[in-house]
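Below is one structure, written out as structure tokens; comments come after it.
Naming follows writing order (A, B, C and D), and every chain is counted from residue 1.
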Amino acid sequence: MIIPKESRLSPEQLREVTGIVEEFGCRIQEIVGAHRNIYAILGDERHELMFNRLIGLSYVARVDHIESSYRLLDKSSELANQRLVLGGVPIGEEPLFIAGPCTVNPQNPQLTLETADAVKSAGAQLLRGGVWKPRTMPYSYQGDHNALEILIEAREKTGLPLVVEVMDEEQLKIALEAEVDVLQIGTRNALNYSLLKAVGRLSAPTRSWILLKRGRHMADPDEFLSAAEYLAAEGNPRILLCPRGTMPKLDGYRNHPDESITPLLKERTWAPVVCDPSHSTGHASYVPAASLAAIAYGADGLGIEANVEPRKGIGDDPKQALDPAALEKTIRQCRALWNLIHEPTQD
Amino acid sequence: MIIPKESRLSPEQLREVTGIVEEFGCRIQEIVGAHRNIYAILGDERHELMFNRLIGLSYVARVDHIESSYRLLDKSSELANQRLVLGGVPIGEEPLFIAGPCTVNPQNPQLTLETADAVKSAGAQLLRGGVWKPRTMPYSYQGDHNALEILIEAREKTGLPLVVEVMDEEQLKIALEAEVDVLQIGTRNALNYSLLKAVGRLSAPTRSWILLKRGRHMADPDEFLSAAEYLAAEGNPRILLCPRGTMPKLDGYRNHPDESITPLLKERTWAPVVCDPSHSTGHASYVPAASLAAIAYGADGLGIEANVEPRKGIGDDPKQALDPAALEKTIRQCRALWNLIHEPTQD
Amino acid sequence: MIIPKESRLSPEQLREVTGIVEEFGCRIQEIVGAHRNIYAILGDERHELMFNRLIGLSYVARVDHIESSYRLLDKSSELANQRLVLGGVPIGEEPLFIAGPCTVNPQNPQLTLETADAVKSAGAQLLRGGVWKPRTMPYSYQGDHNALEILIEAREKTGLPLVVEVMDEEQLKIALEAEVDVLQIGTRNALNYSLLKAVGRLSAPTRSWILLKRGRHMADPDEFLSAAEYLAAEGNPRILLCPRGTMPKLDGYRNHPDESITPLLKERTWAPVVCDPSHSTGHASYVPAASLAAIAYGADGLGIEANVEPRKGIGDDPKQALDPAALEKTIRQCRALWNLIHEPTQD
Amino acid sequence: MIIPKESRLSPEQLREVTGIVEEFGCRIQEIVGAHRNIYAILGDERHELMFNRLIGLSYVARVDHIESSYRLLDKSSELANQRLVLGGVPIGEEPLFIAGPCTVNPQNPQLTLETADAVKSAGAQLLRGGVWKPRTMPYSYQGDHNALEILIEAREKTGLPLVVEVMDEEQLKIALEAEVDVLQIGTRNALNYSLLKAVGRLSAPTRSWILLKRGRHMADPDEFLSAAEYLAAEGNPRILLCPRGTMPKLDGYRNHPDESITPLLKERTWAPVVCDPSHSTGHASYVPAASLAAIAYGADGLGIEANVEPRKGIGDDPKQALDPAALEKTIRQCRALWNLIHEPTQD
């Protein structure tokens, strides 16, 4: 849809516009309005270059997309018909709970092993844990490959599938070697297309899922889905979308909680949405409320930082991990809210 | 707390800083750090002019407030001990529901009267309705004094107290004359201090409450509470704080939903928080989820646009009002969630 | 322009949509696309209620405006042909400089009188000064009617026209009585439509101009112009648009500098743009750079806080007012940049 | 600086706080205020984990950093004494201009070679060109290694050093092999710490510089500098900081122009700031104004997209590249403004 700066295009301008769209196999239809004519682009309008050339014309005020740019992630894609099961949970039929420490302390395997037991008892179906960590400061602890061994042991003992963040191809290969169940791509890499392509391509022939966090620049639903499209286009459609708070932060929280984007995502895509109340708010005391709010907005699941002894954690745990009692209560209340929302609609 | 640009103040700079704070009855205490000294301000630091003068010094990097600037609204104020009851609802003990049309159509009293009955049946305890309307365009319908008569008739018939927005002193006087139960100050006037003072002063000797919407510039908790402080300082502490969505909007909604500010407000103030899911999201289909999310975050109540026939409304009703069935279901689910959260804490 | 949620409207949906737009004198034209049909609205589409009803339909994904909602402010309006002269400055031919103290101290007339002389010497053509002040805290100094007398005396002595902020009808009447040359509407009242209407209506028969600050919620160009349209619709088209920084603030400034909105405004309206580098940045040391940036972006003028002795000011002066030397240098550099940009375009 | 939720810490709380900071070699000093005591942390407070543990305490309202977290980038670092020369330009003594096409078309080497000549004639001292491209959609053109050959030929012919974006380690190695003069890290990778470390480490022993774009999530000065610290910590302090527009975008631009962050950066770091007016605004017509604004705010240089025939470009060129005449005029005006600002300060 082309909106001209003046009330209509001159014949010469119309010829130029028509010439451009025809190069991309499209046509122009003029629509005569009361004060202004507009010009619809008929045909497949998903050519970024065509748009760039139209926007570049001095007499064009605006060019609007009508079509979505994500084909595989779109609700109309055939992928929408998959039945998705992760960690034994049929997604959409009951809520999915991922829990575990922010950062696995390689010096203290016991803490992680006990936490794994505790989150399972509390009702979580997957275990998360940081092996490698993106840190604002280069001088902070950056992670350790050995932490992965501890998680693998925890998986063996509890049967819980693992969620582990990878930040580069080397880490990705180690994680795939270890058959990590869910590969997490963090918010700082949410638009790292080289990583997205590598993760999609290398995980495609495996059974691994991918949890893609939302870019914290307030990525809109379309941009978020276009990033996920990279994963599917490389062959892996086992994708979880994860809102986790955006910038600018709400004064008092670590980020600006963004569970409210969930309904907008679910209108456009079949991909499950799993929210992260721990990073959204950044403080354990707010996590239960943010968890319930995410379920209220229709999230398919939650990823929650938890630790048997938050104060002993070496990552964000001391400030934002729930202890087992709080985790258990949060999961229990979230299940109750889920059931309330999914009540048979007799009204 | 004064943070200097260099690692410490020179003796001369320290003398100047000390001179300034002493004018306002404060003292300076130097704190010797590893790399940088900082300078605490001892005494009552709530003097805006003192801060302006300190910030203006070329060698000062930052001056931080420690004290809050709202005395009456602060949780430590004696007002925190009030027991608040509005529309028969003991606030904090059960949720408060305000519902009604966006805009009362003076040509169609029946629509409003039927809506009043319907929202009462659905479980609302107060009736809202727009008499005068802030509209982006000067050529849109701006409201009509006669609409107030219809609301008064609705109050008589249903017994529901009224919530009506006022935008200037003339409207305020008409509303007070009519004994409007809750005077609403809208988001566009959230920092209109002349109006805040007039509403606080003129409503003080009456029984009217004030519902103050959050400024949509993403007002932080302190600024929001400082605006409310104007009302209390003029004598009316019967205040409801209303988050209603901020800018920049989330692509797909009318605003950026902001119920997540509720816990931050409730940590600082005793004033009840009533969220507005209708304006936050701007579309009826999202209102039930946003309502539940607000309750999840600890809101004391909700203001929801509702209409027996949304399509016949003349304001935002056609896009964002719930019909009675949706309102009834939303209120019912919100009550259930409220009970879930407020379960006796045996754990 | 109506974009349906599905690939096209059903015949029944199309009938409903057509029925709605016909009530407002418009027609629908269907545009057949490759994957999706869209539906243009032909006729005058500036009916807010028509949009609300269309957006409210469950099968409609989006409704886009094509027409602008500001008729008088639009560049295509006949008002675009006015030649505008203020304070002897033909606007657009040379830059306009407004300068003066944040707040006039009624206890110290000399400070304001000397400042008036100084800003005139520095090259400013208008004098600004705060008589009544919007303050975040109710306990801060709120202004004093007597300060206006001092400004009037300064005007008599220097011949500089006055810019004074008014926040309510009472202040407006006092200002008009005093023949204040430019009535300022501040950012907190930027969408206070009752005040906008009163200022437009009461100033229409006078010679006063109106300086309208941009709402600090990041008001987009259209919303800003729609607010200004209120003024023109009431009869006063002598309007200056004033970007002054938005929220969320840039960490280190008082606000987020927003002079970059200037070209977007000037593409749509004939109304002059006068930027406020003092509030944008909030610190005197940044004002010269922000002033030049505004001129770079095409501003017609600047409003700068200045004071012969900033430290003696009682408002924001101690932190953000320029002293006369800095003001003179800033004005001189801005004039040089103006001439550089407006060089005869021989290339 | 620890601010408690209550007016002071209890003896037991104080013991707990003291115990935590002592683990990290710090001490606590209590500061007795009028209404509230605060607690200064004495010693090196740059331990993220210490902060996490303090924030996690239920009775702590806020913990403020005083020290900066970037040691090498800080203005007080010894690196501040380097004299920086790039492309023959002594940085800070005259402005640096980088220009060239968005995307090098591997099918049309002539276009890039002619553009290289043209940008040199227009006054640019470095040539930029995209070899590999981050694209929102996976189906858009993603770049081609062969394009690098064309740039190398252009460098040979013009003598202009090259600026090329790299997005992963494979591209980095190819670029270093080709002795690319400036390695660009794009906004989407601005917090991709694996890439930052690889670029810093592998470029350290070479002569290559690094141009680091600002994260478009509105990264604050400290976060931006902490990301740059990764580069320096790995051994390469030849860093250019590049503001390039942030989200949420200003309606009408591609991003929200952010040249105004320049003074805040320059107060904290010695690293040069080179702004990107092309991506900030996203349209050629706004680039000259945004270029001047960046110089006004104190930028050391500019990166501008330019093309001899913008419409023939295959990247963003058709919408945002300047043609040679516009580039020449922009550079000329920027130089004039630079001279104006850097006039000998006799006043």
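Heads up, the rule we're going with is that contacts are C-beta pairs under 8 Å (C-beta built on N, C-alpha and C of every residue); 3 or more make two chains touch, one makes a residue touch a chain.
Treat the numbers as computed from the prediction; the structure is a model and nothing was measured.
Peer 1: Listed by label, which chains are in contact with chain B and with chain D?
Peer 2: Both chain B and chain D are touched by A, C, going by the contact rule given at the top.
Peer 1: Relative to chain D, which chain's C-alpha centre is the most remote?
Peer 2: When every chain centre is compared against chain D, the largest gap points to B.
Peer 1: Measuring from the mean C-alpha position of chain C to the mean C-alpha position of chain D, what distance in angstrom results?
Peer 2: Those two chain centres are 32 Å apart.
Peer 1: Between chain A and chain C, what's the gap in Å when you average each chain's C-alpha atoms?
Peer 2: Centre-to-centre distance between chain A and chain C: 39 Å.
Peer 1: Measuring centre to centre with CA averages, how many angstrom lie between chain B and chain C?
Peer 2: 26
Peer 1: Which positions in chain C touch two or more other chains at once?
Peer 2: 218, 248, 267, 285
Peer 1: Which part of chain B faces chain D closely enough to touch in the complex?
Peer 2: Chain B reaches chain D through residues 1, 3, 5, 7, 29, 31-36, 38, 40-45, 64, 66-67, 76, 248, 267.
Peer 1: Across the complex, what residues on chain C touch chain D?
Peer 2: Per the touch definition, chain C meets chain D at residues 218, 220-222, 248, 250-253, 256-257, 259-264, 267, 280-281, 285-286, 289-290, 292-293, 295-298, 325, 328-329, 333, 336-337, 340-341, 347.
Peer 1: What part of chain C is in contact with chain B in the complex they form?
Peer 2: Going by the criterion above, the answer is residues 46, 48-49, 52-53, 55-56, 58, 69-71, 134-142, 167-169, 171, 188-189, 191-195, 197-198, 215-218, 223, 226, 229-230, 233, 246-248, 283-285, 310-311, 313-320.
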